[in-house]
Amino acid sequence: MSHEHTSAHGAGHHGDGHGGHGDHGHLPFLAHHFDDPEQQFDSGKLGIWIFLVTEVLFFSGMFCAYSLYRSRNPEVFMFASQFLNEALGAFNTCVLLFSSLTMAWGVRCAQLRQKNGLVLCLALTLGCAAIFLGVKAVEYTHKWDIGLLPAGSYLAQPEVPVHHEGLSPWLINLSIVPGILLVAFAVWLVITFVKGDKRMSEIAGTLLATAACYFLGVFVGLKFQEAEASSSAHAAHEISVEHDGDTGSHEAGVTADEHAQGQPAESATSESANDHVSGTTGTEAPLKEIEAHLVSLDAPKVVPGAPLDAMVNQKGGAGLFFSIYYCMTGVHALHIIGGMVVMVWLLVRATKDQFHEQYFGPVDYVGLYWHLVDLIWIYLFPLLYLIK
Amino acid sequence: MSAVAESPTHSHSQVTENYLFNTKGFLSWALTLDHKRIGLMYLVGVMSSFLVGGLLALLIRAELFTPGELFLNNKQFNQVFTLHGAVMVFLFIIPSVPAALGNFLVPVMLGAKDVAFPRLNLCSFYLWVGGAIFFLCALFYTGLDTGWTFYTPYSSSSEFGTMGPVVWATMGVFILGFSSIFTGLNFIVTINTMRPPGMAWFKMPLFLWATYSTSIIQVLATPVLGITVLLLAAERVLKIGIFDPHLNGDPVTYQHFFWFYSHPAVYIMILPGMGIISELMSVHSHKSIFGYRFIAYSSVAIAIFGFLVWGHHMFTAGMAEVTTVVFSALTFSVSIPSAIKVFNWLATMYKGTVYLNTPMCYALNFLFLFTIGGLTGLWLGALSTDRALHDTYFVVAHFHYVMMGGTLVAFVGGLFHWWPKMTGKMFNDLWGKISCLLVFIGFNMTFLPQFVLGSRGMPRRYARYLEEFQVLHQISTAGAFVLGAGLFVALGVLIHSLMRGRRAPNNPWGAATLEWQCTSPPPFYNFASAPSVTDPYDYLPLKYISEEEGWVYISPTKSTDPQAHPEIAKS
Amino acid sequence: MSTIAFPYLLADKPETFFFPPKASTFAAENDFFYMALFYIALFFFLLIVVGMIVFVIKYRQRPGYEGDPRPLHNNALEITWTVIPTLIVCWIFARGVYGYMEMMRAPAETIDINVEARKWNWLFEYPNGARDPVLHIPNDKAIRLRMRSVDVLHCLYVPAFRCKTDVVPGRVTQLWFQPIREGTFDIFCAEYCGDQHSEMLTKVVVHSQEDYEAWLAEAVKPPIAPVAHGQWLYERMGCKSCHSLEPNKVVVGPSFNGSYGKSFRDSKGQDVSFDANYVRESVLAPQAVMRPEFVKASQMPSFQGKLKENEITAITAFLQALEDGNISDEEMNAVPAAESTENTTGEGETDSAAQAAEQVSGN
Amino acid sequence: MPVWQLLAVFVALILLTALTVLQASLGLGNLELILSLIIATIKASLVILFFMHMIHEKPLNAIIFLSSFVFVALFIGFTLMDAAGYRDSLEYQQIDSTPPPAVEHAE
């Protein structure tokens, strides 16, 4: 962080009168106001730990909101968490854990002055981060499509979604920036390759791979989702056949809560779920897919007699859960993006071979930050995805 | 800034290099990494904010001269008091002592060359500038009227559009919060890792203890403010509903979040002021501080206890009974360390030599006002009286006694105290004392009647009031203008000293802390080599030399002499 | 303010320098405690200030005087001034909790009054269904307020009773007290709630038991004449906090005076005439059709389910009567022929019929 | 930090992730929250101790970082304590799909 202080000060003031401070001029990485590298490293280390403290307290606000509303309405959380894809969450957890491993390994490489190892570790970490974001993009856009939005815009029952073939328009919109980056990095790689600038090629190649990893993440996310949908569509079909007589007369426009009010609690969900299916038998395929998903997520899991009523599936119920979900995971994702930016900075410096036994502070500091981001996800995953 | 940077008339006579003139030009200031220049820039910034906030305060008091409408309608009045509160809290008091004086003093007092992260320091300053401009523009342009606390659901459902003033203002607060966190982080690391050999924890000046405690709060509490305002912005933009009762959210949750930061923030405001007073009382009584360790520990204790008492802002807000009682008990725990400090300051004067100059007058003024502020806290901490006094003028008077009578007076006193060191100029002591007297009279005249207003039932944040309260309000308004005049006199004294002040000696007050061992103003590097650390409150070796009009260290060891005569050391 | 008296030691006068009249059972404890704290604080304040002055004079720098700069320390003193304040604040805390618990524990038998707070007025609903913007209570009876807010935070504060509690939307908060003297006292809103926060005032009237009962019996009956009924509702349902009766005076919404029967162009550009239908629509769905200049200001809540059909008719009649600006007494009390016969036959029936109708429409 | 240690920690973390997913499918009710938090805390400790080198860290840094959790606990603890106390006074409302006019048209 502070390796350039010496040069900055050299330019910033008259050189006279400071002869006494040239004694450590032979250490280019040592800032002028520190006595020795150890003091500089300790300061940086303490600084980053304190920064992590602020991060912990920053997230504590959302954890506090989570515990407040969960303790107040546990049934809402149980209901709403069923809409989260557990498999994707677990996959993402593993991806982040792996990125933590590569980051820790990277720190080790920096300490041992293994330049190539460090670059590789940083590239892997960046790639994992991009995969994580890709999967998250799939998760988010899928929810937006079916109306699982923050409380104010939450739709208890999905409206007829925008017609689209296969891919969600939200997902396409979200992928514009990574797409542009992908193309830009590819062009850059070609240019540097033509120029023969090996160092730049290395950087451009890593960035290209990172951008590509985002799309890998999207791909994996979609596959998971497809698998989930097809396996549960089968189950949904069985249920709808079973209840065909009861639900045939219902229209899809009836909202789930209105509907549930008039029904015995134990059958509320499966009934309303069947509404979606029976109401859409004649419509297009994408619609079916989404509704099959809804069915798959809540119908098979409802225990008969569970206290699931109209009060849960509404703006101020499940909607609140999704508010908290988006805040927590959204802020976490922002931290991932921030981490990626500093990691690119590290990558550039690593290719210049600036880190060695005596000076590896920045890699260490970024590593600590990255592990904290991982740490927060370790708690987010069970708290949001695994509630039963 | 330019007034300080470019006062050319007197600089020619000074041959020694100092941080003010070692480099010239706008960019040498704008891009400086020197903690002293950053401190000065902060000083100009917070003083400008104080001017804005102070004029708004006069506007409020003037409007309240009559029970009915004088020149502000209800909406304007609400906007003015919101602006006053927000500007004073976020732009003035929180950065005043830590960022302005602290930046200047912490490394010099430590005998270090700079803070640990100079670029983070500059970044923090520009975040503050950016945040302040953003915040002020947002407030003035959009007319925020929620009060500085942004209580939901008023702030989340007032008539403004989705991207209304609340969103802009909260973004401003968010940026300012980062500035505050970076300053705090920097100081903690600096004090931890950059103390010179020999400066043990208990050889640090008490100002550093106070700054350290303040920084702990800044680092621990400010992030929670960050997430709170972020959630509030999300509440407006995305309607996330967790603070909104219309979506089954709960407004009291917002209050918990907000006060988890904003109560410790009260100690961000007052602790550095207490640190200044510890220095001032000792130096100007020419007497080693009484009960050093008690004062040091009480600073840390206040910082920690400060996190346990936020609920006392919500005694009538619908909290559960058990929480209310617990918070009341914890609230009283904070009063003890504050009392310890006051008694120790008082005892410091005992058998000393009290120099009644301007900084000391401000310190005594502080002692008087802060005692009132602290003692009136008893009424508000006690549950039954709080139920009558909460949200009345009693509270207004109480926190103005603490924050303004405390922090502001300490800040001005500290400014006078370190002014010779910062600028190399002495000020007119008589006029300084006159300003102190005016501040004292004006302050008490403004806020003493407000205690009575409060106990008689006058609620706060009222644009109009019943006629029975008029006389007290008028006394208060008159006092506010006396107070304003006093502060303008103080400003005049300082500006006059820049123009006409005689050159300051290295140690005009006879203080023993390290910053007085370097020249006034200090050179760019503060100390040619790490200074030898002595007891910061040992006045025995200091002798007054009348040719220098200042104090000089006479000690058997010669180690400090190069600092006393830096031009010799340089050659 | 006319008599600035010296603070009374026992604070037992009904109105002193520091306090408004003592009008509830809480006041005695509160005032005693307040004055006790006052004298404790005064003692410490004088201790410090006198010490300060004495030290400054005695040890001031002057020719021929040399202080001793060496450090002093005295553990006994430090412990003394730590322990004594600690003991004192313990007592203060305990006494505060004692008083607080009394204020939180309502006795078993209370008169429950529902309070609805909204920007910017209060509405009190009595056990017999009467509603009034002023709080009427009997003397020497425990009163419990069950408070709701329809919009933002408010705080019901009665200085003479020495108590207050916030009114939090999404919750029912409670406040109880027992008045000890008859009279009229101020009610303030003590939690900032927007533009007219400082005008969100009302009164509490403490009656004797008989007067209270008489008032209650009277309050439940609305005037028979539609125009007077409309005005009665205007004062009770919260209309008056936003709509003035003076021509063209805008408080928040448009003035009621001289609006009826005119046409205007609404925010969507359609011509709308201000007639009975428009009044009905505005009451039930206020934001459906709006004048462009009030779109931004409008926070009017819907009165769906809060006003009965006959009440909307009464408001319409009131607005109609305001058409020319003034209402004569004759207009005010005029009873339309058709309705008057109905009323003479039995007002109760009309009411219950309206209620029944509403219940049907509600389902 | 030897490589085998890093890899061992990673494997342990993955196994614990599998474990937490597994226990979530058992339907243990209230116990589940506690279990999953315990597992998460074990995972977090592994990350802090090994990936973040807390075992080799200066005690001061460790204390500073861990003390943040104390303050988080204070924050959440007091707020929850209060929420538990005032729960009775809350009104959980049913909110229509169409939001109440007083809110939605406020703009």
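Here the chain labels run A, B, C and D in written order, and each chain numbers its own residues starting at 1.
Everything that follows uses one rule, which is that contacts are C-beta pairs under 8 Å (C-beta built on N, C-alpha and C of every residue); 3 or more make two chains touch, one makes a residue touch a chain.
Computed from a predicted model, the values in this text were never measured in an experiment.
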Please list the single chain whose C-alpha centre lies closest to the global protein C-alpha centre.
B
Chain pair with the most contact pairs?
B-C
Chain centre separation in whole Å, for subunit D relative to subunit B (CA means):
36
In angstrom, rounded to a whole number, how far apart do the mean CA points of subunit A and subunit B lie?
40
So what's the Cα centroid distance for subunit C and subunit D, whole Å?
43
Could you check subunit C for residues that touch two or more other chains and list them?
151, 170-171, 173, 298-299
Touching at least 2 other chains, the residues of subunit D are 60, 68, 71, 75, 79, 83-84, 86, 89-90, 92-93, 95, 99-100, 102, 106
Where in subunit B do residues touch at least two different other chains?
157-159, 192, 220, 224, 244, 246-250, 252-253, 256-257, 318, 321
Output every touching chain pair, sorted by label.
A-B, A-D, B-C, B-D, C-D
State the interface residues of subunit C toward subunit B in the complex, per the touch definition above.
1, 17-20, 26, 29-30, 33-34, 37, 40-41, 44-45, 48-49, 51-52, 55-56, 59-61, 65-73, 77-78, 81-82, 85-86, 89-90, 92-93, 95-104, 151-153, 155, 157, 159-160, 162-166, 168-171, 173, 186, 188-199, 296-299
Sort out for me which residues of subunit B touch subunit C in the complex.
74-75, 78, 145-147, 151, 153-154, 157-159, 245-246, 248-252, 285-292, 294, 316-318, 321, 324-325, 328-329, 332, 335-336, 339-340, 342-344, 346-347, 349-356, 364, 367-368, 371-372, 375-376, 378-379, 381-388, 390-392, 452, 455-457, 459-466, 468-472, 537-540
Within their complex, state which residues of subunit D touch subunit B.
60, 68, 71, 74-75, 78-79, 81-86, 89-90, 92-93, 95, 99-100, 102-103, 106-107
Write out the stretch or stretches of subunit D touching subunit C in their complex.
86, 89-91, 93, 100-102, 105-106
With touch defined as at the start, can you tell me which subunit D residues reach subunit A in the complex?
1, 3, 6-7, 9-10, 13-14, 17, 20-21, 24-25, 27, 32-33, 36-37, 39-40, 43-44, 47-48, 50-52, 57-58, 60-61, 64-65, 67-69, 71-72, 75-76, 79-80, 83-84, 87, 90, 92-95, 97, 99
